[in-house]
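Look for subunit A in each of the two complexes below; its partner is subunit B in the first and subunit C in the second.
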Partner chain A sequence: MMRKSSILFQIYLVAIFAFIFAPIITSMIFSFNSDRFPTFPLGHFTLHWYETAFARPEVWLAFRNSAVVALAAAFLSTILGFATAYTDFRYGFRFKSAYLALALLPPTIPLVIMGLAMLAWLGRMGLSGTLVGIIIAHTVMGAPFAMAICRLRLQSMDPALEAAAWNLGASQWSAMRHVVLPFCLPALISAYCLTAAVSFDEFIVSWFVSGLNKTVPVMILEILQGNVDPQINAIGTVVFMTSISLVIVAQVMIFKKSSQ
Partner chain B sequence: MTDPLVRFHNVSKSYGTYEAVKGLNLEIARGEFVAIMGPSGCGKTTTLRMLAGLETPSGGDIRIDGKVMNDVPAHERDTPLVWQSLALFPFLNVRENVEFGMKMRGIAAAERKERALLWLDRLGLKGFEDRRIDQLSGGQRQRVALARSLVTEPEMLLLDEPLSALDPHLVIRMQGVLTRLQKELGITFVYVTHSQSEAFSMADRVVIMGHGEIEQIGAPQDIFRAPRTRFVAEFVGRNNILPGDKPGQELVVAADRMVVSENRPEGNAIKVEFLSEEFAGTSIIFYFEGEGGEELKAQVSEETLARLAPEPGQTFWLSWSPDSVHVMEPV
Partner chain C sequence: MRKLSLYPFVWRIPLMVWQGLFFVGPLLLMVAMSFWLVQNYRMQPDFNFTNWERMLTRGYFWDAYWVTLWRASLTAVLASLIAFPASYGLAFHLSATARRWAIFCLIVPFFTSYLVRIYAWQVLLAESGPLNALFGNAGFGPFTMLNSGFGALVGYLTLVLPLVVILQTFSLSSIDRNLIEAAWNLGASPRETLLRVIVPAAKVGLIIGAVFAFILSFGDFVAPFYLGGSKPPTLSILIIDTTKSGQQWPRAAVVAIMMIVTLFVVAFAAVGAAYRKRK
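Then we have the complex of A and B:
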């Protein structure tokens, strides 16, 4: 009985993963396929679609935009997220639960609403269509994730650790630099990678605010609107590999805490 | 006390409406080993934290070396603390942990290393300097925490229940390490604990706290034989509290001064009912119930146990000589 149910469970698991990854894997396979249209049987192996896609200057520009936005937004999100998590860890104050709820709110806002709101707000500030505008929007979206990760880490910190640093002659800032930040380093790396991945993949809000400074997901849509081309598969594969690498680093760093 | 190292004058600490420490007056001499003892919530840890500057007194003042310390932040004081959780830095190795205090004080790397290695050696941790904290046993971590606090050669060391997480046999060994260190260094130790055996076996003076106030200060033997209040007598344990001759007066007779007999003896005696016995090493404690329902104890020898062979519910008489009676202050 036991055996049978465990086999069933394994089949179930494989089915779930197949369901999730089949479209991505298919897209990857067709990115290396010589045929113009995604049909079986496959043609021969080729790097042609990658060559043509990355021969286009607008593709390079989109990747450059996405990279700048992701790196900057992840940096700001991580700082904001850590600061919020630390406030929660260190201080008790009135309306703290309201403060935390507010800090965790952005992911619950429908993306279309967020995109519209950002467009209106950034437009008013003259930042619509600029990379700075996209960075602001992605920082708002990433910070709650960074905060959740930092909070998890801080929860596993002995509250006496910081006080021990003061007791040994460290000022508040030295204690932060020499004790709290080193303790949280895995979480900070993890938060940075995860928020970078969130930003790199994000489409809807970018589509609203990016204007002429297109990020990769916005550019993909533009190419798709023109014609269906295996170049999309090639670009998609690169985007997927980038994001999944960031997420894997983030996960490894989160789990590192249990070993320390 | 002339020229005490520490002086608490009328110190209080409240959190909202809760008073953790009320009007505390205490002087601690140089080179003294003082234990502050009491049940949880009695204010002992708050008192220690105020001394370290981790809490600010709500009233009164704390002087160290004659200087009022109330507003001196923790990092500007030289009052290293050994924490109950040890609070070793998990991301630093043993030597880096020991060096931390010196690093914060801007001592050069070479000197830091030399002094850290010296103290690790002194505490029997030679060869462990590059280990990670999670690669050490409980007793080794304890000694790293001690080295980290003592390496800056402070005038005073604060200890907050440092042995509570150790195995019983290690506790005894660490007690030896601590008393030896204190004598050798000649510095003041302020040791907070709820454990009577730790406090009584190590300290020169014991401060008993209850409900935020000092109940009694004295040498361990004095506190044991002559508890000032009922609170102290009950907290110290192994004491029998008996009604005195005058109204409101209470007497204390230690369990080891009680004589158990089957028939009514001469002199002071009360009739009791046997409840149970407890083995504490080589001595045995008999528990009885008095006629008013109160619990009474007598420490007896193995021979007495064999001779009397008490059964629960059996009636005995407890007697004591007049000179083993201590009269407590009225409540």
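Then we have the complex of A and C:
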């Protein structure tokens, strides 16, 4: 009886996973398919769409822009996230709940609204249409994720560890450098990869803010507004591989912690 | 007496400065902007209710509002119902290792190229696409799945389902197993155990999952635009149209504020319900 229901649940789970992964797998399959219009039965295997897509200089430029933005935004998000997580871990102070709300609220605001608000604000600062503008916006969105990951890691650190370092004569700064930071290193790497993935995939705020400096997802968004073009599958597959790798590294670092 | 140390503030201040300058600042500007006027394609600071009056008295705004609210609610309910058996299976019918791998696999798509996934659905669901080819072989169809409420729903579910399953699984697998066994021993049927023990015990996680599904689909622009055919427009499509083609940022700001207010009301009501003590 228990066996049978277990099998039913497993079939259901397979169906759910099929639904979730169907679009990812579809995109990969059709990126290697020779037919112009994606349908079954498949044509033959080809690298044609990759060749045409990556023969275009604007595709390379978009990848370069995306990489610059993701690396910089992930760096800033991780620093902000760690500083905030450490503050939450070590200190209690007045208005702390307001402080935490400020730290965790950004992901709940719809991206379209962030895009509009950022467009107006960065425009006033003379930053709209620049990569710096996109980096700023992505840092706002990434910091809460980085904070959550670092906070989780600090949770498993014995607060006495830092105190012991002080008692042994370490200053607060050197305790941070020699005790807290090494302990948090997996979380920092994890936060860096995850926020880089968030930034690499974000397109709405970038689309509002970017102007002529397009990132990869913004380019895809604009191609999508035209005709179906299998080149998107090729570009999309590269994007998938990039962000999947980043998220996997991020998760492996988190798991490493729990097995220690 | 120790002198005031710099150390705590080095960690505390950066976030306040950054999120103050680049999160609170832009949102406040947007609120202010909703009272400004556009003259000769330029915004003039003002304190004027014209934009508010213009948007809130128009039928098309309210049409978009109710469509968005309806679709987000439907997504929250459907995603919760579809996710529940999966989460239940993950929590109670898999080993801890298998569960961990499953969660691992669910986190990956949540952070992975939503836009490209929606494009893939556009390919899959097309009139002459792969799914209709399969249906055709089986003697059905072809079905029109794109540019409809159904298409948009597929997109919303793609966005929210992994997260809802994760949140539900966490809350289900933290239920005390003794509680469930006690219910069995006291002669409760599987149905009774589910409805009177498991669901109430996992209530907070179930509601949080639904709230996230609501928030994400309420603000999403891609699913209704590329799979739903943007007819009728949702609030996010309205914001983009008003901003991008109309240059009417103040009116878009009005729509945005209405969205934020709605999200806050729904989120607070739901969290209130989640933590209310059971009688």
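The criterion applied here is as follows: the second predicted complex is superposed on the first by the 260 of 260 C-alpha atoms of A that agree within 3 Å, B and C clash if a C-alpha of one lies under 4 Å from a C-alpha of the other, contacts with A are read in each partner's own complex, and residues count from 1 in each chain.
Criterion: contacts are C-beta pairs under 8 Å (C-beta built on N, C-alpha and C of every residue); 3 or more make two chains touch, one makes a residue touch a chain.
This structure is a prediction, so every number in the text was calculated from the model and none was measured.
Per the definitions stated earlier, placing subunit B and subunit C onto a shared subunit A by superposition produces no clash, and the two fit side by side.
In the superposition on chain A, A:W166 makes contact with subunit B only, while subunit C stays out of contact range. Of the two partner chains, subunit C is the only one touched by A:P106; subunit B is not.
Contacts of A:D201 after superposition: subunit C is touched, whereas subunit B is not reached.
Contact with subunit C, but none with subunit B, is seen for A:V239 once the two complexes are overlaid on the shared chain. Residue contacts after overlaying the shared chain place A:A53 against neither subunit B nor subunit C.
In the superposed model, A:I149 makes contact with neither subunit B nor subunit C. Touch criterion met: A:P182 reaches subunit B, while subunit C stays clear of it. With both structures placed on the common chain, the touch criterion links A:T84 to subunit C but leaves subunit B unconnected.
Within the superposed three-chain model, A:I136 lies in touch with subunit C and out of touch with subunit B [touch as defined at top].
For subunit A, the partner with contacts to more residues, out of subunit B and subunit C, is C. No C-alpha atom of subunit B lies closer than 6 Å to any C-alpha atom of subunit C in the overlay. On subunit A, the surface touched by subunit B in one complex and the surface touched by subunit C in the other have no residue in common. Residues 5-6, 9-10, 12-13, 16-17, 19-24, 26-27, 30, 37-41, 76, 79-80, 83-84, 86-87, 90-91, 93, 99, 102-103, 105-106, 108-114, 116-122, 124, 136-137, 139-140, 143, 172-173, 194, 197-198, 201, 203-204, 208, 217, 220-221, 224, 228, 232-233, 236, 239-240, 243-244, 246-248, 251, 255 of subunit A are the ones that touch subunit C when the two sit in their complex. The touching residues of subunit C, counted against subunit A in their complex, run 5, 7-8, 10-12, 14-16, 18-20, 22-27, 29-30, 33, 82-83, 85-86, 88-90, 93, 100, 102, 104-109, 111-124, 126, 128-130, 133-134, 157-158, 161-162, 165, 215, 218-221, 226, 236, 239-240, 243, 249, 252-253, 256, 259-260, 263, 267.
On the subunit A side of its complex with subunit B, the touching residues are 158, 160-161, 163-171, 174-175, 178-179, 182-183, 185, 260. If you check the complex, the residues on subunit B that touch subunit A are 52-54, 73-76, 79-81, 83-85, 87, 89-92, 100-101, 103-105, 134, 148-149, 152.
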